[in-house]
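Just below sit the structures, each encoded as structure tokens.
Two complexes are shown next, each including chain A; its partner changes from chain B in the first to chain C in the second.
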Partner chain A sequence: MIKIAVYGKGGIGKSTTTSNLSAALSDMGLKVMQIGCDPKADSTKNLVSTERIPTVLDQIKSKGKSISLDDIVFPGYGKTFCVEAGGPTPGIGCAGRGIIAAFEELERLHAYEQYEPDVVLYDVLGDVVCGGFAMPIRNGYAEHVFVVTSGEMMSLYAANNIASAVKSFGRRGYARMEGLILNSRNIENEEQIVQRAAVEMETKIVKIMPRSGDVQAAENTRKTVVEALPESDMAKHYRELAKNVLEACG
Partner chain B sequence: MKRKKTLEYNCPSYGGWGMVRSGMLVPESCQLFVSPPACGRHGALGAVRQGFKDRLFYLCLEESDIVSGYDQAILETTEELFLRLLHRPKVLLIFVSCLDDLIGTDGEAVVEALSERFPDVKFRMCHMNPLANDSEEPPLVSLWKNVYSLMERKKEQPEKKINVIGSYRPVSQESELFSFLKYAGIEEICHIGNCRNYEEFRDMGNNCMNLVAAASAQKAAEEIWKKNGMEYLNLPVSYHFEKIEENYMLLWKKLAELGMHKKEKETLVEELLKNRKKDAVAAVALAKEKVSGRKIYLDDSAFAAPFAAARFLLESGFLVGAVYVSEWNESDADYQWILENTDTEICNVRVYTMVEDWKTEADTVAIGLEAAYISGSDYVVSLFQDEGMYGFEGVTQLMRRIIDCMTEKADLPALIEQSGFVV
Partner chain C sequence: MGKLRMVLPPFSPDYSGVCSALFSFGKRGITVLHDAAGCTGNYTGYDEPRWYHSKSPVYCSGLREIDAILGDDEKLMEKVIEAEETLKPELIALVGSPVPMVVGTDMEGIAADLEGRTGIPVFGFDTTGLGSYQQGIELVYRKVLCRMLSEMEEKEVALEKSAGNKGVVNILGATPLDFGGSGTVEELCRLLEQDGWQVQTVLYQESSREQILQIRYADCSVVVSGAALSFANYLKQNFGIPYITKLPFGEAYAKVWLRELEACVFNKDREDTSKEAKGWEKEPVRGLVLGEQIQSEAIRDGLWEAYKIRADVGAVCGFYPETAQNGEVFLEEEAEIEQAINRESYEFVVGDPLYQGLLRKPKRFIPYAHYALSSKMGQKWEDCLIGSRLESKIQL
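The block that comes next holds the complex of A and B.
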């Protein structure tokens, strides 16, 4: 089982990238579990092609101890399984704790043993701001970390923070920084800027994703590009990304 | 079952061993509590009363620690603590509070850093989390996992000794368990409470088996088995004759699997159990005569399995007025049996209005201090979590304690004082 955490600043296209990555990996014949770790709880919406799935925290609240895996794990495109950790109302409660609680529940219900995924993808919000957000790269949850970034300053700032956290935890062999996924915003000299940042972070760019209208077109149909427009150039890029990610994970 | 919605209530005789006292069973250990000051109050007062105050230390957290985390503060405080202590402890149990469920301290990393800095000390990160009381891993279950993980297996060939784990007190020397195990070739029964130093406790890891005397230690035994293959058997304390016999049969079978079967001793074992059962039956008859129809009230501080204990008393012909419990499993077979077959009340002691309803009967017997306070019984058996009772001798001892308590009216405040509870 390959366990991957995908981090990135909010709004950078992290969930879109992760969902397409899941779909592409599924097309390669792999069983994939995508776990959205964002209180927004929309990481998997393009994989399940339906209304949002209930979050683990919502289900814990409403079902208590009678909760089962069927309440929190939902089949998505191909051989994907989707989970949304969920979280509090903005401004109230602790989102980091939400992630911890969701992970504990998945473990308690033996989710990984039951679904036996080949790849687990944790789609994690923004920066590592507290212990809860660091959970996916601790305690053996994720072994490989990728950061989605553009050439914009704030996005690179978040990427650098994540790289620092991985490095500080890395001493204990938790997770390894495998590289940056450049989600192009078509800003000037973007590739060079991100390349320089990658060197400073002692990592590399694993794939440059071009900006494409296909992404929005697919999202309008509540699907990933890989599913909605499989013949498109963008779908090809996501399939390349899947290949590069697997190679980077060894 | 009566249910009313009120604030949760703890009566003055509420207490027990708690995390501090249970952890203090580890010989030559100290504890560092990492929490806001208020979270440590009860444990600190208890430690003073129970004589542990020289082994308990606090890192009191402030607002800034909550914002920035306190991993580094734990490392620095431990250094300072070891500088100040005359003798460095062999074990330091570090307790974080439920606050840490939000902070997410990397406990493993802290323990690793401390172990590098102080290789002569064993560190364990423990969690004092009352929120987990009704979870799959309540605080005590988690504590036993930490405590018993300190036992180390160093010898390839296990010793002919058995550990009893999960109980607060060693099995009474009078129990037939000793003779029973001797017939099987077991030379010693070990218990954390009998260890004179840390090394003796650590070396319990070389013994051939863990006998799990309380359900709270089952997970600890499982983890040890996964780690080094040390066998275990769940044989919690029971007072039912059939269950006791069944437990001994299971134990004999397990010992056979471990290559310690002494077939030629089987007759002696049968004779031993028969005699001890006979003694227990006689003790029950005597106690019944002495109690002479008075109601018995019991609680879940006295018995790890209060419904099973109540059922045993009821089936033996005693009159059980009520079972006082704070948490229970409604699918418990003994609980169901009591509901369906008897008039015995089952009361939630955390609901104040129910407790008020019951403080009425003086000419009764209470087993457990909460039961004593709530029922107002004159005659009280001060018992906590079955103590050293085991097997048929356990039944005999329980009956003896009931008979003894009838000789004079109890001084409940004095009993609470003696138990070291914090009121």
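The block that comes next holds the complex of A and C.
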């Protein structure tokens, strides 16, 4: 089982990238479990193509101990399985602790043993802001970390924070930083800027994703590009990304 | 509101279970509770009679609000390293409490980091204060003892078996949280020795590294609380050591139990008969035994053998289906205990004196203290029921 965490600044395209990556990996014949780790709970919306799925935390709240895997794991496109950790109402509660509670519940219910995914993808909100959001890269959950970034300063700043967190966890034998996924915003010298940042972070760019209207077009139909426009250039890029990610994970 | 407790105090929590099980390492190990002081005070002041009158190797990290907010793991690690340099322990345990749980402190990760820096085994326990002490004891057995046994060199330790003995037994799962200062564990050892057994390692007393490693050479494990069941199963699977549960409570049942122990050692391929019918199926259930599951099962069997009176078992603090028989239930919440204790068909109840507060109508109540519930308040009702003591204490 290959366990991957995808981090990046809010709004940079993590969920879009992760969902397309899941779909592309599924097309390669792999069983994929995507776990959204964001209180907004919208990571998997383009994979399930329906209304949003109930979150783990909502189900814990309403069903307590009688919760089962069928309440929180939902089939998506191809051979994908979708989970949303969920979180508190904005402004109250503790989102980080929510991620921990959701992960503990998945473990208690033996989700990984039951579904036996070939690849698990954790799509994690923004920066590593607290212990909870570091959870996917702790305790052997994810072994490989990729960061989605553009050439914009705030995005690179977040990427650098994540790289630092991964590095500081290195002594604990946790996840490895595998590289950056450049989600182009078409700013000037973007590739060179991100390349320079990657060197500073002691990592590499695993794939440059061009900016394309196909992403929005597919999203309007609540689908991934891989599913909605499989013949498009962008779908080809996502398939290349899937290949590169697998290679980087060894 | 199902978890509301209006009469009973909470049971000792998971971190107390961890600390209690680590007592076996004595001052060769240091235990650091990552808390502000309350949890450490709770353990050292109310859950651990063995350290009441002496200096203990249990330390409080002195967690403060700013450390929690900033997730200052480095400060904790510096303190532990300083303690390690001064005290030179053989192992270190970092034990979590509610605040680290809420802020997501990575106890296991910090332990791995510290192990790299100090070069001695460091164990992190993600205890939260919300689990039961039995979970804590189980964690120590699984993480510390299993690791020690799996890493030991084949020839590191040997065990000399005394000639003339029936065999060698270890006692697993005994902590004061279940037995207080009743002398039950000591009396159990005496009875076993009188019956011709060599009692090797008792995970209750302070034990040397050698004694702990010698666990793997025993002929049988005696499991006296549910918390040790998973470890006993580990020993069975990895070293072929069978195990027997319960305690020889009552003169009549002690004979049965000792026969079962012999069968366990000398007839390893026998079918497990512990859950077979005992001839009480057609008898009415007349009482309820409330408490730790394995100990309560022993009281139930002791009463049956002594008086042919049948009782149910209400397990609190944890439930282990593998030893449960008909009439055994897990009573997790106060409301469930209250409902059970007041059932009309029960003529008598055996349990911690604090349960009496849940009785709506008077009925015969036989107090038998459970330290994890009543601590010092229940000391007057602590009793050893080994051998004929059950019959003298409980007359039905």
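The rule we apply is simple: the second predicted complex is superposed on the first by the 250 of 250 C-alpha atoms of A that agree within 3 Å, B and C clash if a C-alpha of one lies under 4 Å from a C-alpha of the other, contacts with A are read in each partner's own complex, and residues count from 1 in each chain.
Heads up, the rule we're going with is that a contact is a pair of C-beta atoms (placed from the backbone, for glycine too) under 8 Å apart; a residue touches a chain by one contact, two chains touch by 3 or more.
Just so we're clear, the structure is a prediction, and the values are computed from it rather than from any experiment.
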- chain B versus chain C on the shared chain A, clash or fit? clash
- May I ask you to decide whether A:R108 touches chain B, chain C, both, or neither, giving the answer as first, second, both or neither? first
- Query: So, A:K63: does it touch chain B (first), chain C (second), both, or neither?
  - Reply: neither
- Using the touch definition from the top, say if A:R97 reaches chain B (first), chain C (second), both or neither. both
- Query: In the superposed arrangement, does A:A134 touch chain B (first), chain C (second), both or neither?
  - Reply: both
- Message: Looking at A:R196, would you say it contacts chain B, chain C, both, or neither? Reply first, second, both or neither.
- Response: neither
- Query: Of the partners chain B and chain C, which touch A:R172 in the superposed model: first, second, both, neither?
  - Reply: both
- Hey, what residues of chain A end up touching chain B and chain C alike? 94, 96-97, 100, 130-132, 134-135, 138-139, 169, 172
- Item | Touching residues on chain A, where the partner in the complex is chain B | 94, 96-97, 100, 108, 130-132, 134-135, 138-139, 169, 172
- Task: Spell out the part of chain A that touches chain C in their complex, as residue ranges.
- Result: 94, 96-97, 100, 130-132, 134-135, 138-139, 169, 171-174
- Query: Inside the complex, what are the residues of chain C that reach chain A?
  - Reply: 71, 102-106, 108-110, 112-113, 116
- Item | chain A-touching residues of chain B, taken from the complex the two chains share | 69, 101-106, 108-109, 112, 136
